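Letters A, B, C and D mark the chains in the order given here, with residues in each chain numbered from 1 onward.
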(Lines give C-alpha, C1' and ligand atoms only; values in the text may rest on other atoms or scores of the structure.)
Protein backbone atom coordinates (compact mmCIF):
# COMPACT_ATOMS: atom_id res chain seq x y z
CA UNK A 1 0.00 0.00 0.00
CA UNK A 2 3.04 2.22 0.17
CA UNK A 3 2.59 3.17 -3.44
CA UNK A 4 -0.96 4.28 -2.87
CA UNK A 5 0.16 6.56 -0.08
CA UNK A 6 2.83 8.30 -2.03
CA UNK A 7 0.26 8.57 -4.79
CA UNK A 8 -2.15 10.52 -2.64
CA UNK A 9 0.61 12.73 -1.23
CA UNK A 10 2.59 13.45 -4.31
CA UNK A 11 6.13 14.61 -3.98
CA UNK A 12 8.07 16.56 -6.50
CA UNK A 13 11.73 16.79 -7.06
CA UNK A 14 13.43 19.04 -9.47
CA UNK A 15 17.00 19.02 -10.57
CA UNK A 16 19.04 20.22 -13.48
CA UNK A 17 20.95 17.87 -15.64
CA UNK A 18 23.69 18.86 -17.96
CA UNK A 19 23.71 16.80 -21.07
CA UNK A 20 26.01 16.84 -23.99
CA UNK A 21 24.11 16.23 -27.17
CA UNK A 22 25.87 15.52 -30.41
CA UNK A 23 23.80 16.92 -33.24
CA UNK A 24 24.14 15.38 -36.65
CA UNK A 25 22.54 17.08 -39.57
CA UNK A 26 21.83 14.87 -42.53
CA UNK A 27 21.20 15.97 -46.06
CA UNK A 28 20.04 13.63 -48.79
CA UNK A 29 18.28 10.34 -49.30
CA UNK A 30 18.79 7.46 -46.92
CA UNK A 31 18.54 4.02 -48.48
CA UNK A 32 20.72 1.01 -49.19
CA UNK A 33 22.89 3.18 -51.41
CA UNK A 34 23.78 5.47 -48.52
CA UNK A 35 23.45 3.07 -45.60
CA UNK A 36 27.20 2.68 -45.10
CA UNK A 37 27.72 6.41 -45.02
CA UNK A 38 24.91 6.77 -42.50
CA UNK A 39 26.37 4.02 -40.35
CA UNK A 40 29.77 5.70 -40.34
CA UNK A 41 28.35 9.10 -39.52
CA UNK A 42 26.43 7.61 -36.61
CA UNK A 43 29.49 5.71 -35.40
CA UNK A 44 31.48 8.92 -35.26
CA UNK A 45 28.67 10.75 -33.51
CA UNK A 46 28.32 7.91 -31.00
CA UNK A 47 32.01 8.18 -30.22
CA UNK A 48 31.45 11.75 -29.05
CA UNK A 49 28.77 10.97 -26.51
CA UNK A 50 25.77 8.89 -25.59
CA UNK A 51 23.11 11.29 -26.81
CA UNK A 52 22.92 11.80 -30.54
CA UNK A 53 20.35 14.04 -32.17
CA UNK A 54 19.70 13.74 -35.86
CA UNK A 55 18.39 16.77 -37.62
CA UNK A 56 16.39 15.36 -40.49
CA UNK A 57 15.29 18.69 -41.99
CA UNK A 58 16.97 17.83 -45.25
CA UNK A 59 16.37 14.10 -45.34
CA UNK A 60 14.25 13.67 -48.43
CA UNK A 61 13.80 9.93 -48.21
CA UNK A 62 14.25 7.18 -45.63
CA UNK A 63 13.52 3.49 -46.11
CA UNK A 64 13.60 0.35 -44.00
CA UNK A 65 17.30 -0.21 -44.63
CA UNK A 66 18.10 3.21 -43.19
CA UNK A 67 15.63 2.55 -40.39
CA UNK A 68 17.61 -0.56 -39.51
CA UNK A 69 20.77 1.53 -39.22
CA UNK A 70 19.01 4.05 -36.97
CA UNK A 71 17.58 1.30 -34.83
CA UNK A 72 20.97 -0.33 -34.31
CA UNK A 73 22.45 2.99 -33.30
CA UNK A 74 19.54 3.72 -30.96
CA UNK A 75 20.04 0.36 -29.29
CA UNK A 76 23.76 0.85 -28.84
CA UNK A 77 23.18 4.29 -27.36
CA UNK A 78 20.46 3.21 -25.01
CA UNK A 79 22.62 0.32 -23.82
CA UNK A 80 25.05 3.04 -22.71
CA UNK A 81 22.30 4.97 -20.99
CA UNK A 82 22.01 7.40 -23.87
CA UNK A 83 19.56 7.79 -26.70
CA UNK A 84 19.08 8.60 -30.34
CA UNK A 85 16.82 11.50 -31.12
CA UNK A 86 15.39 12.50 -34.44
CA UNK A 87 14.04 15.92 -35.16
CA UNK A 88 12.41 17.76 -38.02
CA UNK A 89 11.24 14.68 -39.86
CA UNK A 90 9.30 15.49 -43.01
CA UNK A 91 5.88 13.90 -43.60
CA UNK A 92 7.44 11.29 -45.90
CA UNK A 93 10.00 10.34 -43.25
CA UNK A 94 7.42 10.35 -40.47
CA UNK A 95 5.31 7.95 -42.48
CA UNK A 96 7.71 5.04 -42.15
CA UNK A 97 8.62 5.98 -38.59
CA UNK A 98 4.98 5.94 -37.55
CA UNK A 99 4.19 2.83 -39.53
CA UNK A 100 6.87 0.80 -37.81
CA UNK A 101 6.39 2.32 -34.36
CA UNK A 102 10.09 2.96 -34.25
CA UNK A 103 9.35 5.93 -32.02
CA UNK A 104 9.53 3.48 -29.13
CA UNK A 105 13.26 3.20 -29.70
CA UNK A 106 14.24 6.39 -31.45
CA UNK A 107 13.08 9.52 -29.67
CA UNK A 108 11.18 11.70 -32.04
CA UNK A 109 11.26 15.38 -31.39
CA UNK A 110 8.27 16.94 -33.13
CA UNK B 1 -0.69 8.54 -76.61
CA UNK B 2 -4.29 8.29 -75.60
CA UNK B 3 -3.61 9.40 -72.04
CA UNK B 4 -5.46 6.29 -70.94
CA UNK B 5 -2.52 4.14 -70.06
CA UNK B 6 0.99 5.37 -69.48
CA UNK B 7 3.92 3.05 -69.06
CA UNK B 8 7.44 3.14 -67.74
CA UNK B 9 9.93 0.37 -68.38
CA UNK B 10 13.32 0.22 -66.78
CA UNK B 11 16.12 -2.31 -66.49
CA UNK B 12 19.21 -1.56 -64.44
CA UNK B 13 22.08 -3.59 -62.98
CA UNK B 14 21.15 -4.89 -59.55
CA UNK B 15 23.38 -2.78 -57.33
CA UNK B 16 22.85 -0.69 -54.22
CA UNK B 17 23.98 2.43 -56.04
CA UNK B 18 21.22 2.04 -58.60
CA UNK B 19 18.40 2.09 -56.07
CA UNK B 20 18.17 5.89 -55.88
CA UNK B 21 18.38 5.99 -59.67
CA UNK B 22 15.36 3.71 -60.03
CA UNK B 23 13.48 5.73 -57.43
CA UNK B 24 14.20 8.96 -59.24
CA UNK B 25 13.06 7.48 -62.53
CA UNK B 26 9.78 6.41 -60.97
CA UNK B 27 9.44 9.82 -59.32
CA UNK B 28 9.85 11.44 -62.72
CA UNK B 29 7.23 9.14 -64.15
CA UNK B 30 4.80 9.94 -61.35
CA UNK B 31 5.41 13.67 -61.76
CA UNK B 32 3.50 13.56 -65.01
CA UNK B 33 0.46 12.12 -63.25
CA UNK B 34 -1.96 13.75 -60.89
CA UNK B 35 -0.92 11.99 -57.71
CA UNK B 36 -1.07 13.43 -54.23
CA UNK B 37 2.32 13.99 -52.65
CA UNK B 38 1.54 11.47 -49.90
CA UNK B 39 0.64 8.74 -52.35
CA UNK B 40 3.65 9.47 -54.52
CA UNK B 41 5.97 9.13 -51.56
CA UNK B 42 4.31 5.86 -50.54
CA UNK B 43 4.91 4.56 -54.04
CA UNK B 44 8.57 5.57 -53.97
CA UNK B 45 9.05 3.88 -50.62
CA UNK B 46 7.41 0.64 -51.77
CA UNK B 47 9.41 0.61 -55.01
CA UNK B 48 12.62 1.18 -53.08
CA UNK B 49 11.86 -1.70 -50.72
CA UNK B 50 11.11 -4.08 -53.59
CA UNK B 51 14.27 -3.14 -55.48
CA UNK B 52 16.39 -3.32 -52.34
CA UNK B 53 15.17 -6.89 -51.89
CA UNK B 54 16.39 -7.76 -55.36
CA UNK B 55 19.83 -6.31 -54.59
CA UNK B 56 20.04 -8.02 -51.21
CA UNK B 57 18.47 -11.38 -51.86
CA UNK B 58 17.71 -12.31 -55.43
CA UNK B 59 21.20 -12.91 -56.75
CA UNK B 60 22.85 -14.15 -53.60
CA UNK B 61 25.14 -17.15 -53.88
CA UNK B 62 25.78 -16.06 -57.48
CA UNK B 63 22.79 -17.52 -59.20
CA UNK B 64 24.55 -18.08 -62.49
CA UNK B 65 23.60 -14.77 -64.01
CA UNK B 66 26.47 -12.73 -65.40
CA UNK B 67 24.55 -9.52 -65.18
CA UNK B 68 22.11 -9.39 -62.33
CA UNK B 69 19.41 -6.90 -63.13
CA UNK B 70 16.33 -5.25 -61.70
CA UNK B 71 13.44 -4.96 -64.11
CA UNK B 72 10.67 -2.53 -63.37
CA UNK B 73 7.43 -1.73 -65.13
CA UNK B 74 5.04 0.95 -63.99
CA UNK B 75 1.63 1.25 -65.53
CA UNK B 76 -0.71 4.04 -64.82
CA UNK B 77 -4.33 3.41 -65.70
CA UNK B 78 -7.37 5.43 -64.74
CA UNK B 79 -8.07 3.79 -61.40
CA UNK B 80 -4.81 2.20 -60.37
CA UNK B 81 -1.07 2.42 -60.58
CA UNK B 82 0.57 -0.98 -60.96
CA UNK B 83 4.29 -1.43 -60.49
CA UNK B 84 6.05 -4.71 -61.10
CA UNK B 85 9.59 -5.38 -59.89
CA UNK B 86 11.20 -8.49 -61.30
CA UNK B 87 14.47 -10.31 -61.00
CA UNK B 88 16.00 -13.35 -62.62
CA UNK B 89 17.57 -14.56 -59.41
CA UNK B 90 17.36 -17.75 -57.41
CA UNK B 91 13.68 -17.42 -56.52
CA UNK B 92 11.97 -16.31 -53.38
CA UNK B 93 13.35 -17.94 -50.28
CA UNK B 94 13.31 -17.10 -46.59
CA UNK B 95 16.60 -16.49 -44.80
CA UNK B 96 17.23 -16.82 -41.10
CA UNK B 97 20.46 -14.92 -41.70
CA UNK B 98 18.96 -11.95 -43.50
CA UNK B 99 20.97 -8.79 -42.89
CA UNK B 100 17.72 -6.84 -42.86
CA UNK B 101 15.11 -6.33 -40.19
CA UNK B 102 12.47 -8.11 -42.20
CA UNK B 103 10.57 -4.88 -42.70
CA UNK B 104 10.65 -4.72 -46.49
CA UNK B 105 7.69 -6.92 -47.36
CA UNK B 106 5.55 -5.71 -44.47
CA UNK B 107 6.21 -2.10 -45.45
CA UNK B 108 5.24 -2.92 -49.03
CA UNK B 109 2.09 -4.72 -47.92
CA UNK B 110 1.14 -1.82 -45.67
CA UNK B 111 1.61 0.75 -48.43
CA UNK B 112 -0.14 -0.99 -51.27
CA UNK B 113 -3.71 -1.75 -52.12
CA UNK B 114 -2.57 -5.19 -53.14
CA UNK B 115 0.78 -6.93 -53.40
CA UNK B 116 1.42 -10.16 -55.23
CA UNK B 117 4.56 -12.21 -55.01
CA UNK B 118 5.11 -14.91 -57.56
CA UNK B 119 7.80 -16.81 -59.37
CA UNK B 120 9.19 -15.13 -62.46
CA UNK B 121 10.20 -17.98 -64.75
CA UNK B 122 12.58 -19.54 -65.19
CA UNK B 123 13.80 -18.93 -61.64
CA UNK B 124 13.29 -15.37 -60.45
CA UNK B 125 10.66 -13.46 -58.52
CA UNK B 126 8.05 -10.91 -59.49
CA UNK B 127 6.52 -8.51 -57.00
CA UNK B 128 3.47 -6.71 -58.31
CA UNK B 129 2.28 -3.74 -56.32
CA UNK B 130 -1.02 -2.03 -56.91
CA UNK B 131 -1.88 1.40 -55.62
CA UNK B 132 -5.42 2.68 -55.69
CA UNK B 133 -5.57 6.15 -57.15
CA UNK B 134 -7.65 8.84 -55.60
CA UNK B 135 -11.02 8.99 -57.27
CA UNK B 136 -10.42 10.87 -60.48
CA UNK B 137 -13.27 11.92 -62.71
CA UNK C 1 -21.66 -31.55 -55.96
CA UNK C 2 -20.23 -31.51 -59.41
CA UNK C 3 -16.75 -32.45 -58.24
CA UNK C 4 -15.50 -29.43 -60.12
CA UNK C 5 -15.07 -27.06 -57.24
CA UNK C 6 -14.85 -28.06 -53.63
CA UNK C 7 -14.89 -25.57 -50.80
CA UNK C 8 -14.00 -25.37 -47.16
CA UNK C 9 -15.08 -22.52 -44.94
CA UNK C 10 -13.91 -22.09 -41.41
CA UNK C 11 -14.11 -19.41 -38.76
CA UNK C 12 -12.41 -19.85 -35.40
CA UNK C 13 -11.43 -17.60 -32.53
CA UNK C 14 -7.98 -16.15 -33.11
CA UNK C 15 -5.94 -18.00 -30.50
CA UNK C 16 -2.68 -19.93 -30.54
CA UNK C 17 -4.46 -23.09 -29.44
CA UNK C 18 -6.67 -22.99 -32.50
CA UNK C 19 -3.83 -23.05 -34.99
CA UNK C 20 -3.42 -26.85 -34.95
CA UNK C 21 -7.18 -27.15 -35.19
CA UNK C 22 -7.29 -25.07 -38.36
CA UNK C 23 -4.37 -27.02 -39.80
CA UNK C 24 -6.09 -30.32 -39.10
CA UNK C 25 -9.29 -29.12 -40.71
CA UNK C 26 -7.41 -28.13 -43.84
CA UNK C 27 -5.54 -31.45 -43.78
CA UNK C 28 -8.87 -33.24 -43.66
CA UNK C 29 -10.11 -31.16 -46.56
CA UNK C 30 -6.99 -31.94 -48.60
CA UNK C 31 -7.28 -35.63 -47.81
CA UNK C 32 -10.29 -35.84 -50.06
CA UNK C 33 -8.26 -34.50 -52.98
CA UNK C 34 -5.53 -36.09 -55.00
CA UNK C 35 -2.60 -34.07 -53.71
CA UNK C 36 0.96 -35.29 -53.35
CA UNK C 37 2.15 -35.58 -49.77
CA UNK C 38 4.84 -32.96 -50.40
CA UNK C 39 2.37 -30.42 -51.75
CA UNK C 40 -0.10 -31.11 -48.95
CA UNK C 41 2.54 -30.47 -46.33
CA UNK C 42 3.57 -27.24 -48.07
CA UNK C 43 -0.04 -26.12 -47.96
CA UNK C 44 -0.36 -26.92 -44.26
CA UNK C 45 2.81 -25.01 -43.51
CA UNK C 46 1.69 -21.95 -45.47
CA UNK C 47 -1.76 -21.99 -43.87
CA UNK C 48 -0.19 -22.27 -40.42
CA UNK C 49 2.08 -19.30 -41.08
CA UNK C 50 -0.80 -17.14 -42.31
CA UNK C 51 -3.01 -18.03 -39.34
CA UNK C 52 -0.15 -17.53 -36.89
CA UNK C 53 0.24 -14.02 -38.26
CA UNK C 54 -3.40 -13.32 -37.51
CA UNK C 55 -2.97 -14.52 -33.92
CA UNK C 56 0.26 -12.60 -33.42
CA UNK C 57 -0.37 -9.38 -35.26
CA UNK C 58 -3.88 -8.71 -36.48
CA UNK C 59 -5.64 -7.99 -33.21
CA UNK C 60 -2.79 -6.51 -31.28
CA UNK C 61 -3.50 -3.41 -29.23
CA UNK C 62 -7.08 -4.68 -28.96
CA UNK C 63 -8.51 -3.46 -32.21
CA UNK C 64 -11.99 -2.98 -30.87
CA UNK C 65 -13.24 -6.42 -31.80
CA UNK C 66 -14.84 -8.39 -29.01
CA UNK C 67 -14.22 -11.69 -30.68
CA UNK C 68 -11.11 -11.77 -32.78
CA UNK C 69 -11.43 -14.46 -35.38
CA UNK C 70 -9.55 -16.18 -38.16
CA UNK C 71 -11.57 -16.78 -41.28
CA UNK C 72 -10.36 -19.29 -43.80
CA UNK C 73 -11.67 -20.37 -47.17
CA UNK C 74 -10.12 -23.12 -49.24
CA UNK C 75 -11.21 -23.69 -52.78
CA UNK C 76 -10.08 -26.58 -54.84
CA UNK C 77 -10.56 -26.21 -58.56
CA UNK C 78 -9.11 -28.35 -61.31
CA UNK C 79 -5.82 -26.53 -61.73
CA UNK C 80 -5.28 -24.68 -58.49
CA UNK C 81 -5.92 -24.69 -54.79
CA UNK C 82 -6.68 -21.25 -53.42
CA UNK C 83 -6.69 -20.56 -49.71
CA UNK C 84 -7.67 -17.23 -48.26
CA UNK C 85 -6.94 -16.31 -44.64
CA UNK C 86 -8.69 -13.20 -43.40
CA UNK C 87 -8.90 -11.19 -40.24
CA UNK C 88 -10.84 -8.19 -39.10
CA UNK C 89 -7.92 -6.71 -37.22
CA UNK C 90 -6.09 -3.42 -37.39
CA UNK C 91 -4.75 -3.87 -40.90
CA UNK C 92 -1.38 -4.91 -42.17
CA UNK C 93 1.44 -3.00 -40.54
CA UNK C 94 5.15 -3.62 -40.10
CA UNK C 95 6.55 -3.95 -36.58
CA UNK C 96 10.12 -3.35 -35.55
CA UNK C 97 9.23 -5.09 -32.30
CA UNK C 98 7.81 -8.25 -33.82
CA UNK C 99 8.35 -11.26 -31.56
CA UNK C 100 8.88 -13.39 -34.67
CA UNK C 101 11.88 -13.88 -36.90
CA UNK C 102 10.11 -12.36 -39.87
CA UNK C 103 10.00 -15.71 -41.62
CA UNK C 104 6.26 -16.10 -41.96
CA UNK C 105 5.63 -14.11 -45.12
CA UNK C 106 8.82 -15.26 -46.84
CA UNK C 107 7.96 -18.89 -46.08
CA UNK C 108 4.48 -18.35 -47.51
CA UNK C 109 5.87 -16.67 -50.62
CA UNK C 110 8.37 -19.47 -51.12
CA UNK C 111 5.72 -22.18 -50.82
CA UNK C 112 3.03 -20.69 -52.99
CA UNK C 113 2.58 -20.17 -56.67
CA UNK C 114 1.23 -16.77 -55.88
CA UNK C 115 0.48 -14.86 -52.71
CA UNK C 116 -1.57 -11.71 -52.48
CA UNK C 117 -1.86 -9.48 -49.46
CA UNK C 118 -4.60 -6.90 -49.39
CA UNK C 119 -6.83 -4.98 -47.06
CA UNK C 120 -9.97 -6.77 -45.94
CA UNK C 121 -12.51 -4.01 -45.37
CA UNK C 122 -13.33 -2.36 -43.13
CA UNK C 123 -9.92 -2.69 -41.49
CA UNK C 124 -8.47 -6.19 -41.65
CA UNK C 125 -6.14 -8.11 -43.91
CA UNK C 126 -6.65 -10.84 -46.45
CA UNK C 127 -3.86 -13.17 -47.52
CA UNK C 128 -4.71 -15.21 -50.60
CA UNK C 129 -2.42 -18.13 -51.36
CA UNK C 130 -2.53 -20.04 -54.60
CA UNK C 131 -0.96 -23.45 -55.08
CA UNK C 132 -0.54 -24.92 -58.53
CA UNK C 133 -1.80 -28.47 -58.62
CA UNK C 134 0.09 -31.21 -60.33
CA UNK C 135 -1.29 -31.73 -63.80
CA UNK C 136 -4.34 -33.88 -63.31
CA UNK C 137 -6.19 -35.35 -66.26
CA UNK D 1 54.70 -18.58 -46.31
CA UNK D 2 54.56 -20.53 -43.11
CA UNK D 3 51.07 -21.73 -43.92
CA UNK D 4 52.19 -23.03 -47.26
CA UNK D 5 54.90 -25.06 -45.60
CA UNK D 6 52.69 -26.72 -43.08
CA UNK D 7 50.32 -27.31 -45.96
CA UNK D 8 52.88 -29.37 -47.87
CA UNK D 9 53.95 -31.27 -44.75
CA UNK D 10 50.64 -32.01 -43.19
CA UNK D 11 50.47 -32.98 -39.59
CA UNK D 12 47.75 -34.95 -37.94
CA UNK D 13 46.67 -35.02 -34.41
CA UNK D 14 44.14 -37.33 -32.98
CA UNK D 15 42.47 -37.17 -29.64
CA UNK D 16 39.36 -38.43 -27.98
CA UNK D 17 36.83 -36.11 -26.58
CA UNK D 18 34.21 -37.10 -24.12
CA UNK D 19 31.02 -35.24 -24.66
CA UNK D 20 27.83 -35.34 -22.73
CA UNK D 21 24.89 -35.05 -25.03
CA UNK D 22 21.42 -34.45 -23.73
CA UNK D 23 18.95 -36.14 -26.01
CA UNK D 24 15.46 -34.80 -26.19
CA UNK D 25 12.84 -36.76 -28.02
CA UNK D 26 9.87 -34.77 -29.20
CA UNK D 27 6.52 -36.11 -30.17
CA UNK D 28 3.83 -34.01 -31.79
CA UNK D 29 3.35 -30.86 -33.79
CA UNK D 30 5.49 -27.82 -33.19
CA UNK D 31 3.80 -24.51 -33.83
CA UNK D 32 2.66 -21.42 -31.95
CA UNK D 33 0.31 -23.61 -29.92
CA UNK D 34 3.20 -25.66 -28.55
CA UNK D 35 6.01 -23.10 -28.72
CA UNK D 36 6.00 -22.47 -24.96
CA UNK D 37 6.23 -26.17 -24.19
CA UNK D 38 9.10 -26.52 -26.66
CA UNK D 39 10.89 -23.58 -25.12
CA UNK D 40 10.58 -25.05 -21.66
CA UNK D 41 11.76 -28.48 -22.74
CA UNK D 42 14.79 -26.91 -24.39
CA UNK D 43 15.51 -24.77 -21.35
CA UNK D 44 15.58 -27.86 -19.16
CA UNK D 45 17.77 -29.72 -21.61
CA UNK D 46 20.15 -26.77 -21.84
CA UNK D 47 20.47 -26.78 -18.09
CA UNK D 48 21.91 -30.30 -18.29
CA UNK D 49 24.71 -29.52 -20.68
CA UNK D 50 25.86 -27.55 -23.67
CA UNK D 51 25.10 -30.17 -26.30
CA UNK D 52 21.46 -30.91 -26.90
CA UNK D 53 20.28 -33.39 -29.50
CA UNK D 54 16.66 -33.36 -30.60
CA UNK D 55 15.26 -36.56 -31.91
CA UNK D 56 12.57 -35.44 -34.33
CA UNK D 57 11.40 -38.90 -35.39
CA UNK D 58 7.94 -38.16 -34.13
CA UNK D 59 7.71 -34.49 -35.00
CA UNK D 60 4.89 -34.34 -37.48
CA UNK D 61 4.95 -30.64 -38.13
CA UNK D 62 7.30 -27.73 -37.56
CA UNK D 63 6.72 -24.11 -38.56
CA UNK D 64 8.64 -20.84 -38.44
CA UNK D 65 7.53 -20.12 -34.89
CA UNK D 66 9.06 -23.40 -33.71
CA UNK D 67 12.09 -22.71 -35.85
CA UNK D 68 12.55 -19.44 -33.99
CA UNK D 69 12.56 -21.32 -30.69
CA UNK D 70 15.15 -23.80 -32.01
CA UNK D 71 17.28 -21.01 -33.35
CA UNK D 72 17.29 -19.17 -30.04
CA UNK D 73 18.31 -22.34 -28.24
CA UNK D 74 21.02 -23.07 -30.80
CA UNK D 75 22.42 -19.60 -30.33
CA UNK D 76 22.44 -19.86 -26.55
CA UNK D 77 24.18 -23.22 -26.72
CA UNK D 78 26.77 -22.15 -29.21
CA UNK D 79 27.54 -19.07 -27.12
CA UNK D 80 28.50 -21.59 -24.40
CA UNK D 81 30.63 -23.57 -26.81
CA UNK D 82 27.95 -26.19 -27.30
CA UNK D 83 25.46 -26.85 -30.03
CA UNK D 84 21.95 -27.90 -30.87
CA UNK D 85 21.61 -31.00 -33.02
CA UNK D 86 18.54 -32.26 -34.78
CA UNK D 87 18.19 -35.79 -36.00
CA UNK D 88 15.65 -37.89 -37.83
CA UNK D 89 13.79 -35.00 -39.39
CA UNK D 90 10.95 -36.09 -41.65
CA UNK D 91 10.70 -34.73 -45.19
CA UNK D 92 8.09 -32.19 -44.09
CA UNK D 93 10.34 -30.94 -41.30
CA UNK D 94 13.42 -30.92 -43.51
CA UNK D 95 11.55 -28.77 -46.00
CA UNK D 96 11.44 -25.72 -43.76
CA UNK D 97 14.90 -26.39 -42.37
CA UNK D 98 16.38 -26.49 -45.87
CA UNK D 99 14.34 -23.57 -47.07
CA UNK D 100 15.60 -21.29 -44.34
CA UNK D 101 19.17 -22.59 -44.32
CA UNK D 102 18.85 -23.01 -40.59
CA UNK D 103 21.31 -25.88 -40.87
CA UNK D 104 24.02 -23.27 -40.52
CA UNK D 105 23.00 -22.81 -36.90
CA UNK D 106 21.32 -26.04 -35.93
CA UNK D 107 23.40 -29.13 -36.67
CA UNK D 108 21.37 -31.54 -38.71
CA UNK D 109 22.22 -35.18 -38.33
CA UNK D 110 20.94 -36.97 -41.40
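Keep this in mind: a residue touches a chain if its C-beta (ideal position, glycine included) is under 8 Å from a C-beta of that chain, and two chains touch if they have at least 3 such contacts.
This structure is a prediction, so every number in the text was calculated from the model and none was measured.
Leaving out chain B only, with every other chain where it is, the touch network remains one piece.
Chain geometry summary: the mean Cα position of chain A and that of chain D are 38 Å apart. Chain centres here are Cα means. That of chain C falls 29 Å from that of chain D. For this pair, chain B with chain C, the centres built from the Cα atoms lie 25 Å apart.
Annotation for chain A: residues 64, 67, 71, 99-100 touch two or more other chains. Residue positions of chain C touching 2 or more other chains: 93-96, 101, 103, 107, 110. Chain contacts in this assembly follow no simple pattern; the graph is neither a line, a ring, a star nor complete.
Shown are all chain pairs that touch, namely A-B, A-C, B-C, B-D, C-D. Interface residues of chain D facing chain C in the complex, by the touch rule stated above, are 29, 31-35, 61, 63-65, 67-68, 71, 91-92, 95-96, 99-100. Note for the complex: chain C touches chain A at residues 93-97. Of all residues in chain B, those touching chain A in their complex are 16-20, 23, 37-38, 41-42, 44-45, 48-49, 52, 55-56, 100-101, 103-104, 107, 110.
On the chain B side of its complex with chain C, the touching residues are 91-96, 98, 101-103, 105-107, 109-110, 112-119. The touching residues of chain D, when paired with chain B in their complex, are 64, 67, 71, 99-102, 104-105.
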